[in-house]
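Shared between the two complexes below is chain A, which has chain B as its partner in the first and chain C in the second.
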Partner chain A sequence: MTEMEACTPQITLDFPIGEKDFFIAGESASKVKKILQQLGLKQDIVRKVAIIIYEAAMNVSIHASHGQLKVRVDPESISVETEDTGAGIPDIDLAMKEGYSTAPYEIREMGFGAGMGLPNIKQCSDELSIESKVGKGTTLKATVYFVSSTCVI
Partner chain B sequence: MIQYFHSVRLDVEKCKGCTNCIKHCPTEAIRVHDGKATIMEERCIDCGECIKCCPNHAKYAYTATIEKLKEYKYNIALPAPSFFGQFKENEKIEDILQAFLHIGFDEVFEVSVAAELVAFILHKQLSKPGQKKPVFSSACPAVLRLMQIKFPELLEQITHVLSPMEVAARIARQEAAKKTGIAYDEIGAIFISPCPAKVTEVKQPVKSKHSAVNGVIGANLIYKDIIKNLYKGPVDKDNFHANGGRIHKSTKRGMSWGYLTGESKSIELDKTLAVSGIHNVISLLEEIERGELQDVDFIELQSCNAGCVGGPLNIQNSFVGRVHLRDLITRYGIQPSYYNEKEILDIYEQKHFESTQPVMPRPIMILDEDVSKALIKMERLDRLTNEFPGLDCGACGSPSCRALAEDIIRGIAFETDCVIKLRDRVNTLAQEILDLARIMPPAMAVGASKKEDK
Partner chain C sequence: MKIKDVQEILKAELLCGDSCVDNDVEGYFACDLISEMLLHMKPSSLLVTSLLNAHVVHTAHVMDVSGVVFVAGKKPDETIIANARQNAIPLLSTSYLMYESCGKLYVSGIGISLENTDPVSGD
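Our next item is the complex of A and B:
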């Protein structure tokens, strides 16, 4: 069994995210999208993952000073993980609410920070876990399974 | 295996094997192997970027010539709106249209007239609520093909309304059949095109089974004939003028489709956007794929810079062409539209405007049908890419280091195609040779070892 697991093909993609780096979100979403298309994944999955990556990376660049985006693909699922050393989220339930935002004024003025990031991520993922410590940082892990989304009829 | 038709082709004699084209191709469809470029048929979208950038003019567009007219009893010229931007400022539009009759056409029907009808219908359709926005234009066939390959998810947002070229051919042929009594099949509608993508679109339409256009002649091939026949006066075929006919039928609304923004403005809605240049189109579609611009009604997408006036088969520089066309529109664009609202709706009822099949995705980038196998290939692809220098120099014949890695995975290239990799190998080999050269035969090596002892 363990041998089988060791043989499971898997790819990992890493993207460092800097503070106020608003381009990395779009760039990494595009790069991953291209790779998922080459893997022959269904459009629906590609779209969901691209949205998760974009929103999650955007959250890091808006709210944290440094972070890391990690995307892992195996034959059954894709997981997107962001880790940051930011302010942390005091109330995760509140943060999950549509329209709730703590983004500073200048970020909103740029057209970001509408409070839809986490709700969008939740809508697109099959599994979502968020761990956060105020003052330390946040780890988000979202997973999309191929079967749950592709099994039609 | 699908047989692809392509208008964009290579003149092997002229190709010097430089790597300019592989860098500009938006779908990475060109490779240079054995000193010559080759186009990967399944990837090419006939945008003509390679025609524009090739310094040796080795890429060309295959189009019909004036000889095509011999195949039909009655021929109708369908000049693209951009064609009129190819003439000097003071030319009269009537002269240009009459010239088509002088060179053998029986009738000339401006595609701009059909563009007006398409704009009218688009305005009507887009004003209805409850549609997934933004809706994309379908006038540029290169963009349609790009979307099939790279943006399958957005295909359903392409308008079902056909392109003005297609609508023009349908109306013109049907009206001519009624007017002359000649059978529909014996009437040829010949499009005068600024680009190769239209040639491909006519041979292998994306939105319907068959095109109503019978042939496509490149603007570059007919331009000289038109210029020579500019001032020969009116030809009165079929008592056209006696019947009160009007040769120049289009107005500003349709004529402006020849350059960027013409199409989106003609739809007369508040929220529209116009983008030109295939690489700009790609970056915009990437944004939209992530959910941006959902409140924009309509997006005009043009593969060529500045729109159709930037087409690779045109004569004038795109900006010069745009100025000339705008000038012509100021002088001839204001007149009552040829068809009234009731007539347009009648034509609409006859289903001349709608596509008959959905635009299907063409997922040609897939590494393997099986996800596990594709992942194994992807692992190898990533490893190979990291081993390459990342110069994206193109000397291997592939457009980038990553593309070379892909080609190796697909079995059409080798690691040593990379000059840097090859250099490393030669280096290692040279070191080995050097090491071997230092070894002395035992009979001679005695002195050497003694020297070392000292």
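Our next item is the complex of A and C:
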């Protein structure tokens, strides 16, 4: 951990995500990236967090009616949480499989929907939990630690 | 290699980023899938794509690329160019198709930019 990271103040950032608000994911990933860079965090940590935000927020805008993205910077880690009201995930293990996708054509046309979102998030996270109820919604929480920057697969 | 060299090799038009033509290019990545870009691109890569939407510039910013080349003469709209300008990402447009563009970059000696080399397991 660098001196700068040890002194990182606790910060919480919130972004509402609307249904089919497909560009909020990239915008929020880009905004958070700038903030984390200003805090002096390492490039690989910033990239991981930005990728998690991008993919997780994209999932919410594709599959939920509305949701919330929360990013919390703690002294030793950063957590990304998305909470949504939506269809839910019937089989999380299946959703985690690379190549499995239920995204509609308009999403694929934009360059998403290849079934790589959740696997990408897992690859970038040190800890990942997903809770989902069909017909209710999904909560995803991913944590990246400043010290252990190794990927957990 | 620098962005200005890429511009010459691909006879490309610089859409924005006049002050970024000296950005170092440490490899290239040709792709039309955003999730693949997010998984595999290394910092300082040159992104070669035929995707034209706002996600390309957001992804380029998140992944610290040194520039983006749109193939087949494609050009994004002004909003996307303005966003790239704001984030200091040079955008280029070449009339070469994807295959020709990659071929020309390949023979120029620039290497592939790849992280997580096993695309199946992500190892």
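The rule is short, and it goes like this: the second predicted complex is superposed on the first by the 140 of 153 C-alpha atoms of A that agree within 3 Å, B and C clash if a C-alpha of one lies under 4 Å from a C-alpha of the other, contacts with A are read in each partner's own complex, and residues count from 1 in each chain.
The rule we apply is simple: a contact is a pair of C-beta atoms (placed from the backbone, for glycine too) under 8 Å apart; a residue touches a chain by one contact, two chains touch by 3 or more.
If you're wondering where the values come from, they're calculated on a predicted model, not measured in any experiment.
Peer 1: Is A:I11 touching the first partner chain B, the second partner chain C, both, or neither of them?
Peer 2: In the superposition, A:I11 contacts chain B only.
Peer 1: Just checking: does A:I35 make contact with chain B only, chain C only, both, or neither of them? Give me first, second, both or neither.
Peer 2: The first partner, chain B, only.
Peer 1: Once the structures are superposed on A, label A:V73 by its partner contacts, choosing first (chain B), second (chain C), both or neither.
Peer 2: first
Peer 1: Tell me which partner A:F112 touches in the superposition: chain B (first), chain C (second), both or neither.
Peer 2: second
Peer 1: Examine A:F23 and indicate which partner it touches, taking first as chain B and second as chain C; both and neither are also allowed.
Peer 2: In the superposition, A:F23 contacts chain C only.
Peer 1: Would you check which partner chain A:S129 touches, where first means chain B only, second means chain C only, and both and neither mean what they say?
Peer 2: neither
Peer 1: Let me test your reading of the model: by the given contact rule, A:Y54 touches which partner, first (chain B), second (chain C), both or neither?
Peer 2: In the superposed model, A:Y54 contacts both chain B and chain C.
Peer 1: Quick check for you: in the superposed arrangement, does A:F146 touch first (chain B), second (chain C), both or neither?
Peer 2: A:F146 contacts chain B only, not chain C.
Peer 1: Overlap of the chain B and chain C footprints on chain A, residue-wise?
Peer 2: 26, 29-30, 33, 43, 47, 50-51, 54
Peer 1: What does chain B use to touch chain A in their complex?
Peer 2: Chain B reaches chain A through residues 150, 152-153, 286-287, 289-291, 361, 363, 365-369, 371-372, 374-376, 378-379, 382.
Peer 1: Could you pull out which chain C residues touch chain A in their complex?
Peer 2: 32-36, 38-39, 43, 51, 53-59, 61-64, 87, 116, 120-123
Peer 1: List the residues on chain A that touch chain B in their complex, please.
Peer 2: Residue positions touching the partner: 9-11, 26, 29-30, 33-35, 37-41, 43, 46-47, 50-51, 54, 73-75, 146.
Peer 1: Any idea which chain A residues touch chain C in the complex?
Peer 2: Chain A reaches chain C through residues 23, 25-27, 29-30, 33, 43, 47, 50-51, 54-55, 98, 110-112, 114, 116-117, 119-120, 123, 151, 153.
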